[in-house]
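Before we start, here is the structure in question, set down as structure tokens.
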Amino acid sequence: MGQITLSGVTKRFGETEVIPPLDLNIEDGEFVVFVGPSGCGKSTLLRLIAGLEDTTAGHISIDGKDATGLPPAKRGLAMVFQSYALYPHMTVRKNIAFPLRMAGMAKDEQDRRVEAAAKVLNLTSYLDRRPGQLSGGQRQRVAIGRAIVREPAAFLFDEPLSNLDAALRVGMRLEISELHERLKTTMIYVTHDQVEAMTMADKIVVLNAGRIEQVGSPLELYRTPRNLFVAGFIGSPRMNLISGPEAARFDAHTIGIRPEHIGVHPTLGDWRGVVGVSEHLGSDTFFHVHETGLAESLTVRAGGEVPIRHGDTVFLTPDASKIHRFDQNGLRL
Amino acid sequence: MGQITLSGVTKRFGETEVIPPLDLNIEDGEFVVFVGPSGCGKSTLLRLIAGLEDTTAGHISIDGKDATGLPPAKRGLAMVFQSYALYPHMTVRKNIAFPLRMAGMAKDEQDRRVEAAAKVLNLTSYLDRRPGQLSGGQRQRVAIGRAIVREPAAFLFDEPLSNLDAALRVGMRLEISELHERLKTTMIYVTHDQVEAMTMADKIVVLNAGRIEQVGSPLELYRTPRNLFVAGFIGSPRMNLISGPEAARFDAHTIGIRPEHIGVHPTLGDWRGVVGVSEHLGSDTFFHVHETGLAESLTVRAGGEVPIRHGDTVFLTPDASKIHRFDQNGLRL
Amino acid sequence: AQETTTLTIATVNNGDMIRMQGLADAFTEANPNIELEWVTLEENVLRQNVTTDIATNGGQYDVITIGTYEVPIWGRQNWLVPLNDLPAEYDVDDLLPPIRAGLSVDDTLYAVPFYGESSFVMYRKDLAEAAGVTIPEQPTWDEIKAAAAAMNDPDAGIHGICLRGKAGWGENMAFLTTMANSYGARWFDENWQPQFDSPEWKAAITDYLDLMNNYGPPGASSNGFNENLTLFQQGKCGMWIDATVAGSFVTDPNNSTVADQVGFALAPDAGQGKRANWLWAWSLAIPSSSDAPEEAKQFLAWATSKDYANLVAETEGWANVPPGTRTSLYENPDYVAAAPFAQMTIDSINAADPNQPTRDPVPYTGVQFVAIPEFQGLGTTVGQEFSAALAGQKTADEALAAAQELALQEMTSAGYIQQ
Amino acid sequence: MARAVSTSRKAVNTALAWGVALLIAFPILWTFLTSFKPEPQAVASPPVWFGFDWTVRNYVDVQNQRDYFDYFWNSVILALGSTALGLVIAIPAAWSMAFVPGRRTKDLLMWMLSTKMMPGVAVLVPIYLIFIQLGLLDTRIGLVVVLMLINLPIIVWMLYTYFREIPGEILEAARMDGASLGREILYVLTPMAIPGIASTVLLNIILAWNEAFWTIVLTTTNAAPLTKFISGFSSPQGLFYAKLSAASTMAIAPILIMGWFSQKQLVRGLTFGAVK
Amino acid sequence: MSTQASRSAARLMLSPAVLILLVWMIVPLVLTLWFSFQRYNLLTPDRSGFIGFANYAEFVTSPAFWLAILNTLLLVLGVLVITVVGGILIALLIDQPLWGQGIVRILVISPFFIMPPVAALIWKNMFFNPSNGLFAEAAKAIGMRPFDFLGQAPLASIILIVAWQWLPFATLILLTALQSLDSERLEAAEMDGANAWNRFRFIMVPHLARAITVVVLIQTIFLLGILVEILVTTNGGPGNQSTTLTYLVYQEAILSSDVGAAAAGGVVAVILANIVAVFLMRAIGNNLDS
């Protein structure tokens, strides 16, 4: 069980209101991702749920029971920290067993659970090492192992992958997703990497300066961003934003079109421009097109093997059905 | 000018041979990327070229002249370090001017060059700040500025972007590429991120355990990887590798097929499998397909809006013309 | 212009010496070619620095302050400049004979006394009266014990008697050796055999411990001269047996709360023909390593002259004149009038005989010490044994046995006892 | 943990901490107080706290006995001199150990430290004889050298641990930029290590200021520092608590004040690599 | 960083420090070794010559020798225990939020700046003195008999003085170490259900291990050489109750002026110090590397 409700939760550090009153409901078994730029209050929100910070106002309930005043250990939640926060002087086994030991669990039951968790996480052969002797990904798995053994009502992850290199990050992302498939436990996951958010979440909460900009499934956010902030934040490479006369043509203050929804042609198209840097990934090519008169640069995605090079003049055609329109307040029309 | 030739260059640390004898030629003006897994010797090779390490054997020549015994400062190369290696106690201006000051250049000439570099790198308004007051990307630019002012024969970059977050990384990647377009100076760039390698390089050198696995343009490596190592390393997500009877059907020990070269259909296709985790990026979706009997998991890339979910059975069809075949030694057939 | 010579003078940090520093301008005015540099140190530090320097011929000092213990030893080593050529007006013959003898080796004078002292009994007249005891001018140990018992009132913060307990050859052993002398004990027999196993030593130590344990102040095992002085000045001691110089301190109303209540008596005896009083003189000498012996002599002659005494009398009063060095001082009515303890002091000094300190014959000279180089170390280690006994960590017998053992070992390894 | 600490809890902490702190500092505060009492009140029973006849007589007396400033200047010169000399020798050594470590580096460091374990008294006479031979007795230069030698291992260790935290890449960058070794140390390493060097300097000054064996044994007047000054007060005659307190206050005040004002820098670097 | 050139430069720059320390160690040590086999008393220069191991025999068989070793160990261990335990407690305390943290810190570190003779004098006269000391006054105020610290518990008293001097040092290092503890690790433990005591025991103490070893190493080096404090307060007594090895050597060297015996004692002390050192270095070396 892991149903979490925040109502009117507010957090002030001294004078500055980091989280203005905020409501959020997280269903049991959901994988919820908090995403947003640095400093927007993601960690703070997570820590409020964990009980590591006091709420200034508002209520947090877990599984229907008020948990606002409960100490962290009593909330039945487990947290995986960005720095892993492993205990460096304990072996992996001891690290994972620590919460059980603190709960006074019998030794053999502890062992049983640790072995089980280690097996799930492929850590069995490292159980007697110290964290210092593990690679980044292995450490991350130990941290997760320590969370799993407690069989918590929900897992809280605070940017768990940001210390890993790109390749590992992709692998661990999958592992966590698979873990969620298997355990079906509520997971709240903080990141500022929108790729992580898109690929892992059942539900994304986009935060900005402590406020919730939009809540929805990844594809909802991708298809119908509620405002410019979400539009710019979700999707990689970023959505191209165009304002001015071209936007007015579409009856909007600003229009947005994603790089993958623009066609390129050497001679035919709506918008004319000159190719700057082009990035060939093999599978795809990203062109940065300048001198269109619409925006400093438009990013366009094309197939892997397009014969267009730096300096060429090209014509771009947006897929009209995929154009997003925003008013002068940045709200979706 | 910046033509660099390594012949028989070898490096041993004590007993362990980190770089077995290695030959490499880098043409003037080329953007060469060294790529390879962690610990494969990329940094060591770069430091050998820079003169920060002695070669155990072999010769390095720069612009045709033997530079093997020269101290770093005499080689006419500039290096940008992973940690930026800025002088924290000096202002940006002083940081950039430092190599000129060391060369005993006249004060006004120093200023002129610093201003010019700052302009190129958009640093003009930060010249009087200390590195500690700059963001990661700005620091990186200062490090590059310090390299530029010397007008070196070649730039050496050691994972210059790995300390930046994803979004910044993309931006700086572009800036460096544009810089290369502008200066046309030889650049040697170390990374273990194959996206960087693919998008920036004129020529990629794939290293593995100190040996060169393949040298070629990004698309060469993408299209015709010489062996399994390169096949697996270049391309994201990784190429699917299949051995056994299915490979034998293609007269090979192992066959490889990239995720983007596999078609998906709910009812029709060559290979049957069950969808595991699927990653929705909006623009694309990556399916991890299990229970195909071919490999533990096959990754498949599909469009952004395919109505396939976790647990569905799907059929996969590889694009036969894009299948890579390898013999039992892992060499391309 | 005349070249100026700088004299480096090592002095001990007691009141008389410090007063001399203040008055030394008179000397430098008279001798403009001489400059004085003072090194003022606590006694132990001084001794350590000066000994190291003189024995290694370091040449740091031109004038040093040493005691009657060092002079004969160092003089014999030719470490000191002989002082037989002092000018006539210095009047060497005016020096007190026992003191002069102590500072000479084979009739050659090696140091001149700055002040001399013996030891005597100081007591509180008011307390004695209140307790109904009288302390005669020539008390016996039994009378002292009785008086201590009568005056002792720890609840009122008054202890019957204060004696030295801090370990050191110049601390507790100075007192204990004189006490032992008066009991007829000696350090060594004529063959340098240690005598701590003798009944006389046992008696002396037992009485000492009884006195201190019953009527002494707490923490006596770390009390030396200064600590006892402080206690007595605060009015916490009924009696105190210590150096005669203390007479001027305990009667100084500026520092003493009991200045007008102090009585004096000779050091006690035990019917063995010797009193428990010592003989000591802080003296000035010139190391042979000095590079300005002539100027140093000028200074010595000034600092220990009659004129200096007059100078002190003029500026600070007669009571503050350094005592115990010259016969003429004790014949000066002004001084005798100003110093109530003057007669007692001169009598005590004259009663001490460095060559015959105790009842039985001894192979050494020195009253409260044995003038051999090894005594510093031996005296101190033996002193630690008795200090431990006083602290209650050993019995008298254990301490005496240990002392005997230590002395035997030291005398054997130093070659006094031939095996 | 950024959860609000209740005010009452903070009050309890404050009371406890102040209690402990005052207890620890009490001997010093009491000495300071006593130095202003007339002698009889200094040993009064029960002790007087503040209601005594405040006087600076003790300071005047102490100053009259000997000129405080001679000793003070010697202390300053010895502390600064030995520190400066130590830095000149230790910075290159620490550079070598931190940036070009060998297999023996740790052993070397430990060996250096072990030279501090030799009891001074045991080698007193040999050193004294050597000093006589070299004419160094009672010279500032002699003492500066000895104090430097005594503290050198500590300086090297502190600098070493500090340098080790400076990324070698920065020095390599300087090298690529054409800086010679000397300039690399002078222009890049030293300025970057200023906080560490500062605390090393502070610690060394404190250690040199308070060294109380060699400074007493090897000096007479010309080079005598405050330790020698105080050793002349260890037991003057008669009531002396107030004067002793005054002399003590004079001996410790300069370094105490320096320590108070620079405690941030001192604390920051005073880890000997104990904190990573 | 390791080209041939930089390695030779490193050797060159290391050499002054190594050379002068080598000279500083070797010359006195050789002289001391030489003296230790000589009959050499400063006061009897006429009697001298080679006497083999007699000085050693005398030093080692002297009744104070074993007690001195015991006292040395007690002194070192006692001070270490007090400073480390006290240091941890105080560090924990002043790391809490409180008013006037700056001043508290200044007060706590003050003893570190006090020169040893002054510290010893203050404690001896103003505190331990059974007649005039403040402890005696305190005892009297509550109706107890004053305790004679230096007479009845000399070694403990000295340990107290020395611990007072070194407590700030330990506190400072431990405090810095404590503050370097990643707060996420404590929070993780809290989430894991560890209460305050368990967080202290399982997270903080192990984290402090390295700092503790450094404190132990540095202090041991200084504590083995403690002399002035003993000299000023008890002179090693009463008896030999507070005689340490260093003091014993001092006694030979200074009081007896017996250079030969002192040298022998010094050699013994050096050997013992090095045994301790080797132990320490082992432990610390490992701990510092990790």
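In this document, chain identifiers A, B, C, D and E correspond to the written order of the chains, with residue numbering beginning at 1 in each.
Everything below uses one rule, namely that a residue touches a chain if its C-beta (ideal position, glycine included) is under 8 Å from a C-beta of that chain, and two chains touch if they have at least 3 such contacts.
The UniProt protein names, listed by chain, are A, B = ABC transporter ATP-binding protein; D = Carbohydrate ABC transporter permease; E = Sugar ABC transporter permease.
Note that this is a predicted model, so its numbers are computed, not measured.
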item: Minimum number of chain-to-chain contact steps, chain A to chain C; value: 2
item: Where chain B and chain E overlap in contact partners, by chain label; value: A, D
item: Most heavily contacting chain pair (counted by C-beta pairs in contact); value: D-E
item: Approximate Å spacing (C-alpha centroids) for the pair chain B, chain C; value: 90
item: Mean-CA-position distance for chain D and chain B (Å); value: 52
item: Rounded Å distance between chain C and chain D, as computed from the means of their C-alpha atoms; value: 39
item: Centre distance in Å when chain C and chain E are each reduced to the mean of their C-alpha atoms; value: 36
item: For chain B, residues contacting two or more additional chains; value: 52, 71
item: Where chain D touches two or more other chains at once, by residue number; value: 1, 43, 45, 124-125, 129, 172, 231, 233-234
item: Residues of chain C touching at least two other chains; value: 48, 52, 56, 230, 234
item: Touch list for chain E against partner chain D, complex; value: 1-2, 6-7, 9-11, 13-14, 16-18, 20-21, 24-25, 27-29, 31-32, 35, 42, 90, 93-94, 96-101, 103-119, 121-123, 125-127, 132, 134, 137, 140-141, 164, 167-169, 172-173, 175-177, 180, 183, 186-187, 190, 210-211, 213-215, 217-218, 221-222, 224-225, 227-228, 232, 245-246, 249-250, 253-254, 259, 262-263, 265-267, 269-270, 273-274, 276-277, 281, 284-285, 288-289
item: Residue numbers on chain D that touch chain C, as the complex places them; value: 39-40, 43, 45, 64-66, 124-125, 128-129, 131-132, 137-138, 216-217, 220-222, 224, 228, 231-240
item: In the complex, chain A residues that touch chain B; value: 38, 162, 165-167, 170, 173-174, 177-178, 181, 192-193, 195, 198-200, 218-219, 222-223, 234-237, 258-260, 276-277, 279-284, 286, 288, 301, 304-305, 310
item: Residues of chain D that touch chain E when the two form their complex; value: 1, 5, 10, 13-14, 16-18, 20-22, 24-25, 27-28, 30-31, 34, 43, 45-47, 89-90, 92-93, 95-97, 99-100, 106, 108, 110, 112-127, 129-130, 149, 152-154, 156, 168, 171-172, 181, 206, 209-210, 212-213, 226-227, 230-231, 233-234, 241, 244-245, 248, 251-252, 255-256, 258-260, 263, 266-268, 270-276
item: Residues of chain B touching chain E in the complex; value: 51-54, 71
